[in-house]
Structures are given as structure tokens and as C-alpha cells.
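Mind looking over this structure? Questions follow.
A, B, C, D, E and F are the chain letters, set down in written order, and residue numbers restart from 1 in every chain.
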Amino acid sequence: MVIGMITVFTVLFLVYLTGNLLIRFVNRISSGNSENNLPDHHISGDKIAVITAAVEGITNGKASITTIQKQ
Amino acid sequence: MVIGMITVFTVLFLVYLTGNLLIRFVNRISSGNSENNLPDHHISGDKIAVITAAVEGITNGKASITTIQKQ
Amino acid sequence: MVIGMITVFTVLFLVYLTGNLLIRFVNRISSGNSENNLPDHHISGDKIAVITAAVEGITNGKASITTIQKQ
Amino acid sequence: MMDLLEKLYQMTAIQQLFESPETLLMILIAFFLLYLGIKKQYEPLLLVPISFGMLLANFPGGQMGVVKVDETLTLYQIASQYGIMNFVYYSLIKTGFLPPIIFLGVGALTDFGPMLRNLRLAFFGAAAQIGIFTVLISAVAFGFTLKEASALGIIGGADGPTAIYTTIKLAPHLLGPIAIAAYSYMALVPVIIPFVVRLTTTKKELLINMKEQDKLFPSTSPIKDLQTLKIIFPIAVGTVVSILVPSSVPLLGMLLFGNLVKEIGVSTGRLSKAASDTILNAATIFLGLAVGATMTSKAFLNVETIMIIVGGFIAFAISIAGGIFAVKGYNLFSKKKINPLIGATGLSAVPMASRVANDIALKHDSNNHLLQYAMASNISGVIGSAVAAGVLISFLG
Amino acid sequence: MMDLLEKLYQMTAIQQLFESPETLLMILIAFFLLYLGIKKQYEPLLLVPISFGMLLANFPGGQMGVVKVDETLTLYQIASQYGIMNFVYYSLIKTGFLPPIIFLGVGALTDFGPMLRNLRLAFFGAAAQIGIFTVLISAVAFGFTLKEASALGIIGGADGPTAIYTTIKLAPHLLGPIAIAAYSYMALVPVIIPFVVRLTTTKKELLINMKEQDKLFPSTSPIKDLQTLKIIFPIAVGTVVSILVPSSVPLLGMLLFGNLVKEIGVSTGRLSKAASDTILNAATIFLGLAVGATMTSKAFLNVETIMIIVGGFIAFAISIAGGIFAVKGYNLFSKKKINPLIGATGLSAVPMASRVANDIALKHDSNNHLLQYAMASNISGVIGSAVAAGVLISFLG
Amino acid sequence: MMDLLEKLYQMTAIQQLFESPETLLMILIAFFLLYLGIKKQYEPLLLVPISFGMLLANFPGGQMGVVKVDETLTLYQIASQYGIMNFVYYSLIKTGFLPPIIFLGVGALTDFGPMLRNLRLAFFGAAAQIGIFTVLISAVAFGFTLKEASALGIIGGADGPTAIYTTIKLAPHLLGPIAIAAYSYMALVPVIIPFVVRLTTTKKELLINMKEQDKLFPSTSPIKDLQTLKIIFPIAVGTVVSILVPSSVPLLGMLLFGNLVKEIGVSTGRLSKAASDTILNAATIFLGLAVGATMTSKAFLNVETIMIIVGGFIAFAISIAGGIFAVKGYNLFSKKKINPLIGATGLSAVPMASRVANDIALKHDSNNHLLQYAMASNISGVIGSAVAAGVLISFLG
């Protein structure tokens, strides 16, 4: 039992560590300009926001958009 | 052969019986108000139309809605 | 190696031959009017639009069209 | 060099075409079936894969034909030694796996509403299975074994997956011709039903208007909450069938489960979509190709095949007539008359049979719309033949 | 004739219903579970297939119940001799194949964003696994073997696929009841979490507003490029987990791969859609039916099942409490307070636990929206229980 | 306690990282491939699953790496003893099942229209297979066995599923590196084709305008009914190929069947969608992960791999040059000139090669749109390499 909880905590501690290191790392390598490097597959965030808002507004949040695909 | 037809008739007779009993049973338990008990699963068509229009408008038809799920 | 290339060329030569024969054959049997013989498989976009609209209107969106098949 | 060309020649199937011209015949048959499926639109969803699988199966070296294998081999060994088509056949078809899977999808596409609104008519879905057993007996007289005869008779159930499942369980060596016969005759329903109807009914009978009969003799218990009813019905029927004919559960159980997840609605919508779309379509491709792959010249070109083609037609015709005469009998004793076309659709072959019946009725009286009534006996005909299959399997399997 | 009717009677399952009335009990249980899944909307995507599979499984002759087979048989032989349900069970379930496949789909539906924005909270996803190990030990005291006890304890992980995978690896004979317990309690989260919260927290604690705490003590490293981060994160975590707990990789590796193809975006969109839609849904159907098919009266109606039901609940409750007390402990030493509800959601049961926690918070303060924070510990709870499963499997497997 | 921690340590893969540092190298390679797939967009649909599968495969304990197993084991035993990844590998990959399935989907996405409009150009799809056989012979000189050399050479076919299928049949132990080489070079087509073109063509040749040539020398038999033609074509080609190279039927037969159901239209639309969407995408995930899982350090880090990487590139380059010189030869004797870029696209690597060729042409003359012509040789290049694979398999398999 002890072993089990130790492991679980260790792993999630490392996940925490990894996450923090990655955040610093990513912040350094791509200071906001990564969008430009990456082939832009993505529909800009605000558009998505607008769409989602629209949908949830219209359906009183009964509906949500799960995927939006380019054509 | 006889056996076969007997069975087929017996089973469909019981299907008939089951059906009739269920109709009576359901009519008794839920006198038309069952819709209200059940969570309404459906999003009205015009809403869907509006949503779709919205999305395609905003994204110049670059995006389309593939699925709309209730939450 | 020689064998291999011989075979590849032979097969693609026969594909070429088959293709040409088929073109002549098809041109003969169906002189442009094949569309009429063949059940036209394609339903024009606006028709689909109309159908979809109709269905969703009628069923208050409880129903939606997933596929439209000719019969 | 010379013997390299020799080896090259050996690689091809030309030699074999000379040695066994029947292969050519099989290819022509495949072309003909493709023609029926593509141009004549005979059940294209199955006839096209079946006939293309048949085309590929009849050339050795490609290992696309189903062969007899030592059944103690693992599926991995079957694939390595006999190729992918035998892998598909022995893992998905001969295991009896795909027909119930297809029923799962069919269930998610079925609506029991019309049947629930006209439960009486379900009986004609039983009467229209008579062809199965009549032909079974005659076939035994013609020298088929009991198992083979049952597989042949089940063609009269006019239900593809049921016919395939029964054949796999009782006479797998006849799978090809029986599948072809079943699906071809289902595609020929628009020809067969009018033919039998003409022989067995009078214009007066065909004019019986179900809607008016309903007005004259209204139903005692109108349905108040169809949605709830449709959810409970498959569960209840599943229980009844499981108790009476357990051997039909692999087919009917899956059908009813598929129907249940459909009727529950959005909360199981993911399952309903998977059953009726992705699973059903993928299953259809593999079932079709593998069934076609069983039709090698050796397995197909024999007198049995011809007898199956003939016997299958007779089974079909008798089933339709059976349904019709059941209605005539009923009408003798009931004030509320039924149109004999409702008996003919007991055959199943959903939903084409119902459409055909509806067209015939409208031809005699342009106001006599009986589609909804036809669907009632039509759907119960599916249950009827699955039950018949269960009986045969548990008695002979 | 008489003995034909006799045979007919033998074909049915009526005899068996008289001989073993417990079958009737199983049917009633199946009905009850269907009621919970359909009407009460308890995890319908799994409870409906499970309970329908259970309904079909409890009639012999249909061969829809899972039985013990000689494990040297080929899958083909299993199908021919024991029917399609055992074919599904021994090819997809007992091989441990489907749970990782379902994790693949879950990963493609998971968003690590909230967790990345509040990484601290990930720890409570560890604390809330305590129920697993507490119940494990108690269960051994109650006479379960270590393997059985682990499978029982894992219910406290509040994660269906993880519970099923662990049980398959350690105590397959308990698969039915454990799966039912796991999914039922996950469905009961809206009841269980408020119950435990009421017992363990004060109104004052529930009023802690995470957003305000963030304003008071802002994060040191704001995320500049979430998109890139989300792509690298699953790869990095996959590596870490592979090194530390390789035995959890079949589950977590698939989860992270599914998440990766989702986060990459359109260029792997086909894979993401396949994972989260077609594969996930088809897998759910077969997993559900086959798990239900293990619940034959013989396998289900015994004291162990009752102990599993009870033990599972305790494991759930302890896990929730564990998360809550971990938060209380944290708050003793930290100026930046955390709402104990964030501990409760460490349980996992994504995303329902988070919604429930959010509702409770809003009930006490209509401005206290903590959904995003709850999701952080909620998602880490999935990793937590998968890791716990890995440990148990590698120590006892 | 101490030896519990010892056991805990044993559970991890840390020990192994110290003992075998090559594991670290494999992880770095996996990261690099992920970088190419995600950031550089090199065939992400396959490179991402392959490299993630490779990442998971290189830690023991997770049983996510493909190992050699006693091939008499049942699939069930393989899964129980060696984990799910070996289950996938031995049931779907080593059986040769998935590559034809992927061809089924590719066929449903292929349009033979451009090829039918310019049938002459099909020959260059043959010429551009020369790299396969050149490298085959050289590889034998470098000490590869004939079977290994063939698998290596087939990389020059520039077709992923064909390369994988051939390797499975002839040299499964090389599957990992060959798959990687094949897909990497296909992704590098935008670099390789311009490179070879620059070495082998003159500006004058690149200026040849196909459209104008067509105006000068119009086709003798214009197509009147393309729709019908497209339906009959796959059937006819399937027949021809089945007769001449039966061993290529598992690949080409599936390709042509997929194409047939697509061209028939709505009446087989369900099958076409299943083939090109659900089946293709699911197959891609499992193929990618399992191929990656074969790349354990033991199987990957050896001189053969390096020779495969090098040899694969040479095969690619020779194939492209072969197509180009075939065009040059043709132009010597024909008044109607052909742009050598049409030869380069005979390589296949559909449709990227055609796009690249089109771009090059446009760079030299902004009115010289030859995409449609390039697609003709491009598609025939797929047939060409599948035929080559068939020859190799039937001679050496």
C-alpha cells in the first residue's frame, strides 16, 4: 500500500515537474510566434470563441461544438 | 416442419401478447407526461440551421460543424 | 531484375490496352446518353438542401438526414 | 533465361485458364452479378462485394479464394499459409460472427412503430415462413441432407444475414450459392411478389382499404406514449425470445439491442451510430468479399447450386403465398378485413417488400396507402425467419 | 409426435427457469440496471450494453454467456464451440485489448489545458487514490486473495477502463461485479461526492474562491504558447511514465497517444476522429456486451459480489475523503488556499466529478466558478489511478 | 521495507536505461521522428503513430515492443503472454492483413480519371520502378539475402503499404527500418524530386507544355462517358492483373474494389465511406503503432538499418531518374513531346509527387499546368510498384 501511494505521488510529482519545465521551455523557444512557424491548421481562437458562443447562446448551452473542421 | 411452424407462431403470438400488455402498461404508467420525465434529447432543426449558418459565415465556409452534442 | 521490369511493363501495357479498348467500347455502347440509362446517382446540392430543410422543419429537428439514397 | 520465362509463365494464371476453362465461366458469372448489382441495382451493397470477391477468388496464387483448412490451425497460421481472405473467412464468417453484427446494425435502423400500431398483423410474419419448411422437406426428397435442406429452405425466410448464419452453422460448404440466391431473390422481390399476388388474389381483395377498415373497427387500445413503448419493447421481446428459442438469440438479441440503443435516443446515440454506420458498413464489406471468395469453380459449378437456385425461388414463392392465404383465412372469420398484400409482405425483405405491396395497392386504388400496415407484417417476418433459423439450428446443429 | 414436443420443450429455456430460479433473479437485476441506465441516465453508454449483455447471457442454448474454456483452443475453435460472445470475450476482453483502446479514444477527447494551467492541483489526483490501497488491505482481511483485493480496490480509482484492465490482469473471474460497481458508482458521483463533502468540510472551506486566490498569489510562469505545450506534454509524460511504471503504459500510453493526435490538429485529424469516434464507440459496444455476458447467475450471485458492491463504495468514499484531507493539509502550510472540492475531484470520474464540485461551490457562493480548477485534479486523477493499476499489476501480475 | 523499495526500483525501467544506453538513443530517434511528423509535417498520419509506437516499445515491462514468439501460439496466448501490442502485430500486421485494407481505403480515395485521359503516360509508371530492381541487385552484392534485398529495393516503389506488405512476406525482421525509410522518403519527395530533376533535365525540356502538345496532336479517341468508363475500368484491370500477377491481387484487388465502390456512387456509398474513412483511419492507427513497436534498439540499431536508409534513398533517386530517362527516350522517337517531369512522377508517392512536379513546371513557365498529366503516371506508378511487389513475392515468397 505504502509503495503504491509513494509511486503514485512520485509519478504525479514528476508530471508536475515535467509540466513546469515544459512551460518554461516552450515559453523560451516560442515567444508567441510559434503560430507562424507551424503550418496554420487552426481556426483562430477568437473565431472559435465566437462560434462556440453563438452555439451556446442559441441553444442555451444545451449544445456545444465538439469539432470544427476546415474544408 | 410442423414443429418449426408451431414455434414460429407461438413466438410471434407471444410477441403480439407482449406488445399488447406493454401498450396497456405504458399507457397506465405514463399518461402522456413521460416526455417531461425524460431529459429532452433533441436540438430543434432551426437552431441547427442557425448554428451552421453562424459557423460557415464566420469562417467563410472554411469550417463546418460535424457534430453537435448536448451537455 | 529483367523479369521484374518485363512483367511491370507487360502489365502496364495491358492496362493501357484495356483502357483504350474500354474507351472505344464504352463510347460505342453509351453514345453520351448513358446518363439516362444509368440511374443518376447524384442528387443536386440544392435538392439536398431542400430535403434537409423540409425534414428538420417537419420534425422540429428531432430527425436529421444522414444519407440520401436513390431507389 | 528460357526457364526464367518458364517461371514467369508459371507465375501467371494463364496455364490454369487453359487447364480449367470453368474458371472462365466463373469470371463471366462474376461479371454478370456485377452487372446486376451495378446497372440493375440489385442489392448493390452486397451483390457488388460478393461478385468482386468471387472474381478475385477464381485465380490461384493470389490466395483470395476460400479453401478448406485444418481447423486446428491458429488464425495466424491460416493467414500466413492461406492468405488474408481465408483469414477473414475463418475469423469473421465461419465463426458466425458477422451475421449477428449485421443484425446489430439492422436493428439500429429498424422502427418497430408500425408493428406496434398493428400488432395483429405480426401473425402474417409467421405464416410467411411456411416456404422454409416446405422446401426443407422437398429438398430432403431430392437427396439433400437434413442440414443442407434446412440451409436451402431458409432462403424462403428472405433475410440475408439469417440465411448466411444458418448456412454457416448447418452447411458451410453451401454458403456461396445460398447467399447469392438469398440476396438475388431479395433483389427480385419487385418481380416475384407481383407474380405470386397475380396468381393468388382477386382484384376485389386487393381493393381492401386498411385505413377504412381501421375507421370501421377502431383499435381498442390506442398508444399514448410511443417513445417509452419503443424502448421497453425490444427488452421485453428479447426476454421472451431468449426463453423460447435461445438458439435464435445471437441474431435476434443483437437486432433488439441495436434497436434499443437507437430508441433510447441521444444518451446512447454514439452506440446507435456505431452500430448502424461504422460497424454495419465495415461488416458488409468483409461479409460480401468473403462470401464471394467461397465461390470457386469447384465449390460453385455443380448440380447442387442449380437446385439451390431453383429451390430458393420456390421457397420464396411459397412463403409469399403462405402469407396471402393466411390473410384469406383470417378474412373468412373476421369482420375487419385485411388486404392480402399484408400477407405477402410477411416474407420480410424489409423494406422493399412493403414498398412493392404499397405500389400494387395504389395501382388498384390510388387512395389505398397501406405502407405502414405492410411494414408491420414485414418487420415481424424478420423475427419469424430468425426464429425458424433458431429452431433448425437447435434441432440439427 | 409426443417426443417431438418433448424435444421442442427441451429447446426452450423454460425447464431451466424452473430448475434454477436464480436465473429469474439475474433477469430482474438486468432489468433494474437497464432502468438505471435508460431512465436514470446512469452512464448509459456502458450500463445499457452491460445489462443487455447480462440479460442475454442468462439463458443457455443461446451461448451468449461467457464460460471458462480450455485456453489452448484457437479463437476459431472457441467461436465454433462456445458461440460469438465467448469469441468476443476471449479475443477482445480477456486479452486486455479493449480497455487500452478505450483509453485511446478517451485521450482524444481529453484536454490537458486546465491541468497545465494549475499543475499544483495535480497532486490531489494522487491523494485521491488512497481508497484503492485502503480497501485493498481491508479486502485481504476479509479473505480475498491479494489479486482479488487489488481488483476490488481499484474501483476506488473511479475509472472504468482502468478497473476493467486491472481486473482482467489480476482476477478475471470478478470482472462482472467489479465493472458494474465501478460504472454504477461513477454514475452515482452526483450523490456520493456531496455526501462525503458534507461529512468532511465546513461551509467556510467551501467558500474559498480559487479565482480570487489566483489574483492574490498570481502564478509565476504564465503559459505563452499553450498549443505547442499541449503537443509536447503528452510526449513528455509518456516518456516519464514509461520509465517509472512501464506496466501502466498499455493504458496511459494509449491515452497520451490519443491526446497527441488530437492536439496536433488537422494534420492528424483523421486519426483523432477515428480514435474518439469510430474506434471508441465500437469498442464500447463490444466491451459492454461482453462484460455483461460474464454475469451469469453462477458467477454473480455470491457473497463476493455483495462484498465488492460494499467495498467499492467504501473505496470511492475514502478516495474522495483522501483528496479533501490532502487539501486541508495543504491549506495548513500554504498562504494560497485551495477549495477542498478540488481535492474531492482528484477521484477522477471525468468530467462529472468536476461538474458536481462546481455546482456545490456555486450553491455556497454564486460567483465561485471552480470548474477549470476541478478539471485539473480531475484529469490527474485518471493518471493517478492508471499508475496505481500499473503498480498493482507489476507487483502481483 | 528495503527490499520493497528494491522491488519498486525493479519495477521501473531505470535499471535498464543504465545497462543499455542504446535505449536512450532509440528514445531520441523517436523524438526526432515525432519532430519531423509534427513540426515538419512529414507524412504525419503515419510518422506520428510509428514514432510514438517506437517510443513506447523501448521500455520493457510495458510489453509494448514486438518480440519474436513461438508461432504455434494462439492469438489469445500471444496477448496474454506478450501484451496487446504483440496481439495487434501478430493478428493484423504479420498476417499481412492491414496493408491490403489500407489499399482498400486508398482505392476509395483514388480517381483514375486523369490516367484514363492520358493512358500513354501510364508507361512511365512502369519505368519508374527501375530503382526497385537496381537496388535489389546491389543490395545482394552488399551481402543482403535475396529476400532482404527485395524488401529493401521495394522502397524505390515509393508506396508505403506495398513496401510494408512485401517486407512482411519476405523479410519481416526488417519491417521497422524499411517502413521508416519508405515513409520518410515519401515525405521528402519535395526535396528529392527537384534534386534528381536538376541533375537529369535541361530547362528546355522542363518548358515542354503538355496542353499545347495535346492541341498540336489531339487524342484519337475522346472519352464520351467517363462515369461508365470509371466503373468498368477497375473491374477490367482487376481481371487482367489477377491473370498475370495473381500474387499482387491482395494489394491491387483491394485497391480496385475500393475504387469500384467509390465510382458506382450513392448505391454503394456506405461501403465507399467505410473503406475510405472508418476502416482506413483505424487501420492507419494500428499499422503505425505496431510498425513503430517493431523498432526496439535490438532490431533497429545495426548496420543493416543504415544500409537500408542509404539504399532506400538510392532506390528512390534511380526510380525518379528512370522515369525521366524513359520520357527522354520517348521524345527521341515521338513528335508529340512529353515533359520529363511526367516521368519523375511515375515514382508514385501520390499525390505529392504530382504537386511537386507541377510546381517545378510552373516555376519555369507560369502557364505550364501539368498536374493532371502528372497524376496519370503518378497513379500508374502505384500499380507498377504493386506489380513489382507481386513478382518478387511469387518468385521469392
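Keep in mind that, in the parts below, a contact is a pair of C-beta atoms (placed from the backbone, for glycine too) under 8 Å apart; a residue touches a chain by one contact, two chains touch by 3 or more.
Just so we're clear, the structure is a prediction, and the values are computed from it rather than from any experiment.
Here the chain-to-chain distance from chain C to chain E, counted in touching steps, is 2.
For the interfaces A-E and B-E, the C-beta contact count is higher for A-E. Listed options C-D, B-D or B-E contain a single repeat of the A-E interface, assigned here to B-D, on the basis that more than half of the contact pairs agree by residue number. Per-chain CA centroids place chain A at a distance of 33 Å from chain F. Each chain gets one centre point, the mean of its Cα atoms, and the points for chain C and chain D are 27 Å apart. For chain D, residues that reach two or more other chains under the stated contact definition are 7, 11, 41, 74-75, 244-245, 267, 277-278, 391, 395. Shared interface positions of chain A, defined as residues touching 2 or more other chains, are 3, 7, 38-39, 67, 69-70.
Of all residues in chain C, only 2-3, 6-7, 38-39, 66, 71 touch chain D in the complex they form. Put simply, chain E touches chain A in their complex at residues 115-116, 119-120, 122-123, 125-126, 129-130, 132-134, 136-137, 221, 223-225, 227-229, 232-233, 236-237, 240-241, 244-245, 265-267, 269, 273, 380, 383-384, 387-388, 391-392, 395. Chain F contributes residues 4-5, 7-8, 11, 39, 41 to its touches with chain A in the complex.
Of all the residues in chain C, the ones that touch chain F in their complex are 1, 3-5, 7-16, 18-20, 22-27, 29-32, 34-35, 38-39, 41-43, 67-70. On chain D, the positions that touch chain F within their shared complex are 7, 11-14, 17, 27, 31, 34, 38, 41, 44-45, 48-49, 52, 55-56, 59-64, 74-77, 79-80, 83-85, 87-88, 277-278, 280-282, 284-285, 289.
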